[in-house]
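Look at the two complexes coming up: chain A is in both, with chain B in one and chain C in the other.
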Partner chain A sequence: MASDALAIEGLNAWYGDSHVLQDVSFRLRDGEILALLGRNGAGKSTCVMSLMGLVARRAGDVRLFGESVARLAPETISRRGIGLVPQGRRIFSTLTVRENLLVAKLPPRAGRAAWNIERIYDLFPRLRERERQLAGSMSGGEQQMLAIGRALMGNPRVLLLDEPSEGLAPLIVAEVGRTIARLKSEGQSIVLVEQNLRVALDLADSAVILTTGRCVYAGSIEDVRDNEALIAQNLGVFGGH
Partner chain B sequence: MQFWIIQFLNSLALGGLLFLLSSGFSLIFGLMRLANLTHGAFFMVGAYIGASLLRQRVVGMDLWLAALLAGIALAALGGLLERLVLRRLAGNSLGQVLVTLGVAFILSDACLLVWGGDPIPVPTPRALARPIFFAGLAFPTYRLVVIVVSVVVAVGLHALLERTRIGAMIRAGVDDMPIARAVGIRVSRLFTAVFCLGAGLAGAAGVLGGPIFSAYPGLDADMLPLALIVVILGGVGSLAGAFVGSFIIGAIYTFGSTLFPDLAYFILFLPMIVVIAYRPEGLFGRIAA
Partner chain C sequence: MSRASLILALTALVALALLPFYAGEYFINLASQILIAAIFASSLNLLVGYGGLTSLGHAAFVGVSAYVFAWLTTHAGAGPAVAAAAALVGATIVACVFGLVALRATGLGFLMITLAFSQILWGLAYRWASVTNGDNGISGIPRFSPFGLSLDGAAAFYWFTLALCVIAFAAIAAFASSAFGAALRGTRDEPRRMAALGHDVRLIRWITFVYAGFWAGVAGLLYVNYNKFIHPSAMSITNSAEGLLAVIAGGSGTLAGPIVGATLIMLLKNYVSAYVERWNMLLGFVFVAIVLIAPDGVIPGLRRAAARIRGGRK
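On to the complex of A and B.
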């Protein structure tokens, strides 16, 4: 279906011999946010990294707007339109803020306003102030903004956000949440990995729940919200409740 | 006094040549996590190519043109080696060490076959052969020029790495390779470019070192350990480290072998051992060697 931004079919991933992701399938509709949930170690990051082509041993199909990207190299997947904000931010700490954005710039996509450094600075004015600073010297919240800005510079058709609120102060979590909402309002399709259940429930349209590498739920976010048993069993703590 | 001036300029000239050799070695190591043990052979092949070009009068007597041509030839050779061989060994450190060492032996034997076992002197450019006299002392002109050239190259490399988008991409790759790829940086092209650059610099350095060392069998094995020590001392992947490390090692080697010839290697490896023990990432580096 062409209206699916991302269609994942039977995705498997291994680290060495350990089979970390087993037959995961889900779809993300264009312009929506899909929350990818699960306990620590459930395989959320492995899923995101596999979509990006960064897990060496993987199998299954990943289609981006109908086009298979499963076998491509990470740089090609990125150029086809998947953007990654990795867990732990992983900004290039020895580069300046501006350089972090500059190296990630990719050609614009037809029919969408292109991101550029100025627009990123408008989205995160704090980054403009710190433009010439080494990225590694910034606070965690600022690094998270930079990681998001860096991914946007590639004009992604689908944005993968892996725990963007992890380890951040509540005020910053709220700011990151508002940014995600704004991106969505501009039509950005997003896969959001989130431990903070409230953030996820507020923002997402649909949800996928992983437990030890298997997909135990894929459906609307409302059904997750109302299903205390599902939450208790698969997400453990009532994060944010 | 004259003795010390000569030794001092010798040490700086050696430092400059070591920088030309080790900057590429260090960048390749930093970006590709590859200890390119053919680097010494690139230097030697460069020296032989330069010697031949000058003796056959292909480039007249122009040492600079000879260095440029040898640099281009070695860049091409390095590019082929990277694309056809090393590329297949990504992530396999032992394989890389064995293959680069093997290619170094092959190149070394090939040189012996083509150029024979006798040293081939490389003439100093005539304009630079006479020393400059100042305050009653003689300063060897060619060595001064080599020092200037290495500083100019250092400034150029620094500008390339620190002031251009390509340079920032290389640094991003050194910093976090998987994420660099995930933001769309074509790391494999950067690998080839950096490898060509490093090999080319090594080849050009061989020609520029020619008037000082000549081209002789074993030049590769003499230079490679020095480059290794420089990079361990200065820090892997750091241009500043390669620069400072080169001049430190140039000085230690020159003064060590004139003042304490019996202890030359001991004095040379001592700072390396100290660095590895107390600061394994080197003076300027971030990754442990």
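On to the complex of A and C.
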């Protein structure tokens, strides 16, 4: 069996007094895609933000290839190898496309082909055309490509994608999906937060379902696909997609 | 930089370099003061415009640099070259220490801490009379003479200031447009995102703070050499605030903005004040006009106007 890229044990997080993540545990195997599913407000984004160290009050253990990163600062976690494509993209709108990529550059990792600006442009040719443009003036789809490219520039060992298809036209959603599949074929381990169930079912190897901050399912993606009751109960209105 | 603005900058530079041939001594001296204020405002712009860190104590570094130079040349018998080097080292060290403390906060907290620091130094200059000569200030400071060239004449000092000014702008422009500058702008817009990308946000800000402090020190060195006199008011809140106004009026986060802003303020303060007694009121009107017409500053306002004219021609 492949090793665990990410092992999460009893992860808890709080915003003020509200306990928004309660004892969440799951594992992501190296080179696979794990879909993190759940309704709005279920704690999916809080979960990836906690993995990145961006939630101030958190507890539990997070191991990245066996090494605990739970208590580290965001910049150290990033340097150890977790990359985040945040919800809403959050690109640097006053920087050019090229500068957005440049600021995200981290040293390459042993045994993996290093990402550089040229490789990102090969992955998203549209970004090459817009190289000198201010990132804030691009379309949502282009900004999403830039956000993914920016995260890849850090050569992450695990990539966290928070709702990459949110608010994008179907054509662009398909393109983002193809990119994620391509990254997986190159051996990239990915945690994919998705509201679009079909995208998740197509791409993921395993799934975790959160409901009000608790983990209600962790297992193979096939079992989710076939279990209509599970979908109806925990993913609700989005099951129809 | 676009070709048009490059041509504009070079034309302006040539006009400035030839200024002593067509202007009288009064205007040459005024131009020197404007250039010094422009270096100061440009250094502050690194923090305010590119880093999103509004400091109200930037004149502290002008003062430290000026006082170190003044004290070493008048009390310790040091040569101007040694004193100049020591002044820049002094301003940089003070920036290193202040930055460590001030950058624990951002926004209003940062503003208040920088203000407090500069007030401490101002108080020190005012009260520590055995060294600073207190309210009387230190006078009789010799000008430095680089490579044996005397800078006592207005034109000679002006050319020297202009040369340093060009170096300062080039260094500040290179800093702002470098990969580091992009990272700095990133910490201004999305600090958490920069942390998530592996950047130590405070380190980036601290390096910028020290770099800005160094160039404010250069401005202080020119200031004390121009005036041959130093008084605690050099690091008063008024001076810090004037620098900040210059940055905001000209357009923060643009390279030319602080230069335009500093020029505007120095002209009002030194030239118009000879004709208008209540020049402070005039300064107020000018700022109200800027806020109404171009709230993000003169340079961004002009850029928008130029874009509109170009768009209209199509």
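Keep this in mind: the second predicted complex is superposed on the first by the 235 of 241 C-alpha atoms of A that agree within 3 Å, B and C clash if a C-alpha of one lies under 4 Å from a C-alpha of the other, contacts with A are read in each partner's own complex, and residues count from 1 in each chain.
Methods note: a residue touches a chain if its C-beta (ideal position, glycine included) is under 8 Å from a C-beta of that chain, and two chains touch if they have at least 3 such contacts.
From a predicted model like this one, the values you see are computed outputs, not experimental measurements.
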Clash or fit (per the criteria above) of chain B with chain C on chain A: clash
Touching partner for A:A73 - first (chain B), second (chain C), both, neither: both
Contacts of A:L54 with chain B and chain C, given as first, second, both or neither: both
First, second, both or neither for A:W14, with chain B first and chain C second: neither
Which superposed partner A:T94 touches (first chain B, second chain C, both, neither): both
Contact residues common to both interfaces of chain A (with chain B and with chain C): 52, 54, 73-75, 78-79, 84, 86, 90, 92-95, 99-100, 102-104, 106, 150-151, 154
Interfacial residue positions of chain A with respect to chain B in the complex: 52-54, 73-75, 77-79, 83-84, 86, 90, 92-95, 99-100, 102-104, 106, 150-151, 153-154
Residues of chain C touching chain A in the complex: 179, 182-183, 185-186, 189-190, 192-201
Chain B residues touching chain A - in the complex, by the definition given at the top: 165, 168-169, 171-172, 174-176, 178-187, 286
In the complex, chain A residues that touch chain C: 52, 54, 73-75, 78-79, 84, 86, 90, 92-95, 99-100, 102-106, 150-151, 154
